[in-house]
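In order of appearance the chains are A, B, C and D, and numbering begins at 1 in each one.
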Amino acid sequence: MSLLFYNRSFLPGIILTTVFAAAALISLVWVPYDTTILNIAEKLKPPNLAHPLGTDQFGRDILSMIMVGARTSIAVALVAVGIGMIAGVPLGLAAAARKGGLLDEVIMRMNDLVFAFPSLLIAVMITAVFGASALNAIIAIGIFNIPVFARLTRGAALTLWNREYILAARVAGKGQARISVEHILPNVANLLIVQGTIQFSLGILAEAGLSYVGLGAQPPTASWGRMLADSQTMISFAPHLALFPGLAILLTVLGLNLLGDGLRDLLDPKLRRART
Amino acid sequence: MRLTKLGSGLISVLALAAGISMAHAKSDIVVAMQLEPPHLDPTSAAAGAIDSVLYSNVFEGLTRFGPDGSVNPGLAESWSISEDGKTYTFKLHEGVKFHDGSDLTAEDVKFSLDRARGEDSANAQKALFAGIESVEAVDPTTVKVALKEPNGSLLFNLAWGDAVIVAPETIADIKSKPIGTGAFKFSNWVQGDRIDLEKNADYWGTPAKLDNVTFKFISDPTAAFAAVMAEDVNAFVGFPAPENLPQFEADPRFQVLVGSTEGETILSTNNKQPPLDNPKVRKAIAHAIDRQAIIDGAMFGYGTPIGTHFAPHNPDYVDLTGLSMYDPELSKELLAEAGLADGFTTTLKLPPPSYARRGGEIIASQLRAVGIETEISNLEWAQWLEQVFKGKDFGLTIVSHTEPMDIGIYARPDYYFNYDNPAFKELFEKLTVENDPDKRSELLKEAQKMISEDYVNGYLFQLAFPTVANAKIMGLWKNQPTQATDLTAVYWED
Amino acid sequence: MLRYFLKRLLSLALSLVAASVVIFLALEVVPGDPAAYMLGLNAQEDTLNALREQLGLNGTILERYLSWAGGLLTGDFGISYTYRTPVSEMIGDRLWVSLPLALYALTLSTLIAFPAGIWAASRRGSYVDTGVMGATQLGVAIPNFWFAMLMVLVFAINLRWFSAGGFAGWEAGFLAGMKSLTLPAIALALPQASILTRVMRSSLLDTLSEDFIRTARAKGLTRAQAMWRHALRNALIPVLTIMGLQFSFLLAGAIIIENVFYLPGLGRLVFQAISARDLIVVESVVMLLVFAVIVVNFAVDLAYALVDPRLRRRR
Amino acid sequence: MSLLGIDRLSLKIHGTPILKDVSFAVDPGRILGVIGESGSGKSMTAFSVLQLLPNGAECTGNISLAGKDILTCSETELCSIRGREVGMVFQEPMTALNPLQTIGAQVAETILVHENVSKAEAMTRAAKALQRAELPQEKFPLSRYPHELSGGQRQRVVIAMAIALRPKLLIADEPTTALDVTTQAQILDLLKRLVAEDDMGLMLISHDLAVVADLADDLVIMQQGEVVENGPARSLFGAMQHPYSRALLEASSHVPDRLGEAHKTSLLQVRNVVRDYQQHVHGWWGATTHFRAVNDVSFDIRRGESLGLVGESGCGKSTLTRAILGLEEVQGGEILFDGQPVFTHHHANKDVRRRMQVVFQDPYGSFNPRWRVEKLVSEPFHLLQTPLHGHERENAVVEALESVGLGAEDRHKYIHEFSGGQRQRIAIARALIIKPDLIILDEAVSALDVSVRAQVLDLLADLGDRFNLTYLFISHDLSVVRSITDRVLVMKAGEIVEGGPTDAVFDHPNHDYTKQLVAAAPVLPVGAA
């Protein structure tokens, strides 16, 4: 356990991540000011004692907005990662189990196809069809995550399929599906957790980007990307409007990336052995 | 250290290079606006952006709007109206030439008007020409327009950008190469960026004072602010971010003109969707809205409160804001009377402009205070047209009706807000055939009251039209009686 | 090699067909009538019908797909619903902004990433390494549109070194054109440069721990010689992959950045086209971007075969 | 004075002692064999000579090379020594060459780094060096890339690189461990010839006593970073002093005691088995090529006997194993276990399979690192129609562990808590748990150090007798096969070329290939033990 705290990436990573996750969770039950109530008279106040991060163009408390926005960002990115994992991991496992077969080929070609559409293009198309919403942002980011996890899982599973313990399991009469679940999955879990954090952070960036161009969460849902978009015209006379949501994105993504790096180091048995 | 030196050296070289290209002679101007025209034929699209670039600059009609909204002679130097009010005879200016060198004749006028009202016309304002029975070219400079019934607003209608005169031989390419009669000639269009015009040396009227005009299209409000601040553009008409206007006002480099428009910004309400079909509910909504908060919050103070669908600068305007004062308590009572003491939920669909998006958030918050929940969805214009305007699938929406004198839409029961009142229709039919100015004024006032008392829509404010320009530019229009950026009289002060 | 090339070409063609079907079908179900948008609030039904006929919106789905896809093959992308000009012309104009922008950003990112990555790897564990890696962590985490906003605030509004956006046009001179692309390219390049630096560093470190580096050192090569002569080229292989992927991210990322700087590129075109329901433009631009991604990845595959003799024979 | 003198060399890496007071010398024209099991510090000693040590390494003591004190040399001086005065050959020929450069360029680089000559001249000299390493230009032009060569050929390139400048000292770190036994013999011959031709000193590092015994003039035996035995090879083999070296020698030539009661009845019958692979060239629509891995193989295993199957890598041993285990379908012939086919209707015959088990080579890779021993060992229960539960299951696991010499408590541990030898015991316990008739040992002791290997072989012999097991013992190592099998089959390129009683086959081989194998196999000097 103490090892965790000597890792240069893990500690700052987990602290930043916890702070923003906590902010999101706390916002479910309490925020300093209700962000659904506008107070035009209080608009565009710079940071002060009552509003530590100031107020926005509608007089809402920016700290509260960032807390609620954290909820949106985290929810969108988390569900998108979930979609990617739930669909991608079984596909990757199946492709690896049937390496070189038709199933593998079909799965990988479909992956290639999705990979040809950068997530923003998927979002553009989905928005064109269904309109902009947080749900569509989730779907766009989620779809893009599927091949990421499928490829990662397949690649890692392929090397595992060459391990002798897989052969031992086959000698014990176990089928491909059972082996995939019992032997392969637990051994790729570390990789998936690490990649999951990375995709999580990418998801937060993507959500912010989509909301920024108006393809993401819609009002009154608070969203960091939209806060930035809204603040853009006021950046010259109310820079705090743009500064804090931008910093929130930066720090959350930074935290998750550091956490991912730290986890990779900590979960990698090779490195762990070298260190102990 | 070396790197920094090199970097700043490079930057100064770049700055120098760009500085040369940015230097404008005093006879050139770069005018920015938000929307780029989809094409350049004002007679076959609703897009106001086409008129914003071309109206009066490149294309002219028989009559034209002045900066104050008055209707003045255009290509027609004079006209006479028959006794029965059914025949108008226009006398065209002599020696008017199209930019391709051909002469403007009465045949061109007949062609233009016939094309606009024809069966297969793609004119967006076909209704303007509906009353025309026939058009006849009497001689090369005389045109006779016969009406089915007398129409008091024909001269007004003919001043619209949709009624400009075009030549039949240039119609095929008009969308990319507009050939008009105006003081400026079209020269170049870099799609997605700008349109260039140049002075028409052979103009029939007072020649333009500028040699070259560039219209630049900057849809993003931030970019707009930055472009003006950086003086990349000399003027921005219809500046999209009212929050930045105080900064420009405080800066001696700029002048800010806040003009009025024909844009009544309203909370359009679906009069057939329960519970909004109940006038009490609509009244409750009207009293739940704090107009000033919306003007302050969404428009940063720019905008005039309105209580009905009529432009406040119009002499016939009646201030009816008193009918819908901000009174949330009354609003709650009215809801209770309507059997909705616990409130209700409806949709609020918002098109892209910031007045709608920001206003929508504020209205949603104000309605929530009286117990009405709104589900906001932000729509692109095309979606808005599809869902709201055409599909009538909405509860509430916010939109600015920028057509001049458009109270007639309340007489159309199939119009998107589904207001079906026979009394109003009757009133409006009377108005259409009435030629007497006093009686017209009377009828208009009555119409304003009727829709206000029916609480058809929530009447919010008259859209302001801010123009930010270099302090030395003179002759810009302040108001927007129609969508136009008339640069024919604009010049640089020394 | 030829056989490998032909097979990759076939699979490329299949990917393109699949992508075109996906794009067409996805946008085919889009609600919204381009004709209604074009004619506006007061349009009448007969006018709308006339326009729809004119735009060729009345065929069956299959007919419309075949005519669209067939057109793509001959470089005929159709006629824009709203601009009424050939889509290929519009795209051609926009490409002269988007493509230089992507290349500019790619060049910047490479120019930053290669030295930084090599520097960090060669001083592994030192303050240089920590510093470079810390900087790349920030570079990866910073939302590039936010960074772009800050750059506009500082360099365009306050310092006025650059214009806040817009494109001067190549006819204004190469320097002027590049100048208008500089801030956008920096904003686009920053996260990519950070990623590439990290990839470069870790790939180089991986290669440096390979047996053949030890062999080279045993021959009498200094650490630096071993790195430049043996490690670098081997380390480039994964870097090449990432650069290929990045090109697509740069093209797509440009959609946002072009909007921040209001550059008349493909990204803005696609947004304008979406809001105008100009489906044929949306389809064509998305198809073009996807085409670029697929082709670049194909080119990267071929580049491998050139760099790596192992692939040359095995395939 | 010696060519290389190492005097009281100690090495610490990040403070952890690796070498302690290592002293020995190499003379010109002589071969010094350095022997040790894994972790003995033999490779680190070699790297100390070149000063190619990992970060954080600290050397004390003295290394003198032709009078120069290596430990006080600057990095520049070291660079000029490496490659010119000392050449080095490594264990892994597959990865020791830069895959992106031609072999010519890589050999020429040794010359270019040290001598100011033209590229063309360097290439000419590189060709000569390759020629000396027995890679003639006609067959192996300079323009070849490493991946176009086999492992043995690549090792020759590495050797050519090392001797291109005719260094005084050549260090070979396990140069043949990764190679087949016939290739190994050729490489060793090559090294011996080069030493004689150039009057080089050779420091030959190996874990295999037999490999070195043939070749070395002098021997150093290392254990845990210390030299435990040092002296001329000839006299040393007769008179080992240190208990460790004696044990090592004993273990290397260990023959376990077996009763070896073979019945007359056949347990497994392999009849004309053919196994083809389809190789996908690219994707599933690409053209496929067929590769025949096993071609018309027939043999019997009698109940209770221990049958050896020897052959070099790629000869089809493993494919045959998988076919026997019913993991893959054969394209021709049949495999009968106790009269029943192992594969029926495209599925493995479970009745048969639960009577066969297997032990694999890699003690690290054959266990799921995330499972406890209990679960690992009991995995074959999956084959039973009525798997054991609760106490019965636990008892079975304990019994299996105890029968391989492990404790009952070990069942709660994870696999990384065990040494290589212990893991192989667990693998055997896993094979035993469902009380099979036949156990296939696929290179089961090849990865183990000699002393551990001897213990495991004893265990196998003991278990075979106790449970009346039949073994199919697959290995490339002739001495191991000889020590534990009754009969042996020799396999080459998918076919069985020779078979018969083990001693008869090895003492009087008939087939050319068997002769070659037997001749190539390194053996300890007679009477060494």
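Here are some notes:
Quick note on the criterion: a contact is a pair of C-beta atoms (placed from the backbone, for glycine too) under 8 Å apart; a residue touches a chain by one contact, two chains touch by 3 or more.
Computed from a prediction, not measured in an experiment: that's the story for all the values here.
The chain pair with the larger count of C-beta pairs in contact, out of A-C and A-D, is A-C. Rounded to whole angstrom, the centroid-to-centroid distance between chain A and chain C, based on C-alpha atoms, equals 22 Å. Between chain B and chain D, the centres computed from C-alpha atoms are 86 Å apart.
Put simply, the C-alpha centre of chain A and that of chain D have 46 angstrom between them.
If each chain is reduced to the centroid of its CA atoms, chain A and chain B end up 44 Å from each other. For chain C, residues that reach two or more other chains under the stated contact definition are 11, 31, 149, 157, 259, 274.
In chain A, the residues touching two or more other chains are 232, 235-236.
Contacts with at least two other chains are made by residues 283 of chain D.
Pairwise chain contacts present here: A-B, A-C, A-D, B-C, C-D [touch as defined]. Residues 4, 7, 11, 125, 210-212, 214-222, 225, 229-230, 233-234, 307-310, 313-315 of chain C touch chain D in their complex. Interface of chain D with chain A (complex): residues 280, 283-284, 322, 325, 327, 348, 350, 353-354, 356-358, 360-362, 365-370, 379-383, 416, 427, 430. The part of chain D that touches chain C in the complex is made up of residues 50, 52, 55, 75-76, 79-84, 87-88, 90, 92, 95-101, 109-110, 113-114, 145, 147-148, 158, 161-162, 282-283, 286. Those residues of chain B lying in contact with chain A across their complex are 220-222, 225, 229, 241, 243-244, 246-247, 293, 296-297, 357-358, 360-362, 364-366, 368-369, 376-379, 383.
Taken together, the chain A residues at the contact with chain C in this complex read 109, 112-113, 115-121, 124-129, 201, 205, 208-209, 212-213, 225, 228, 232, 235-236, 239, 242, 246, 249-251, 253-254, 257-258.
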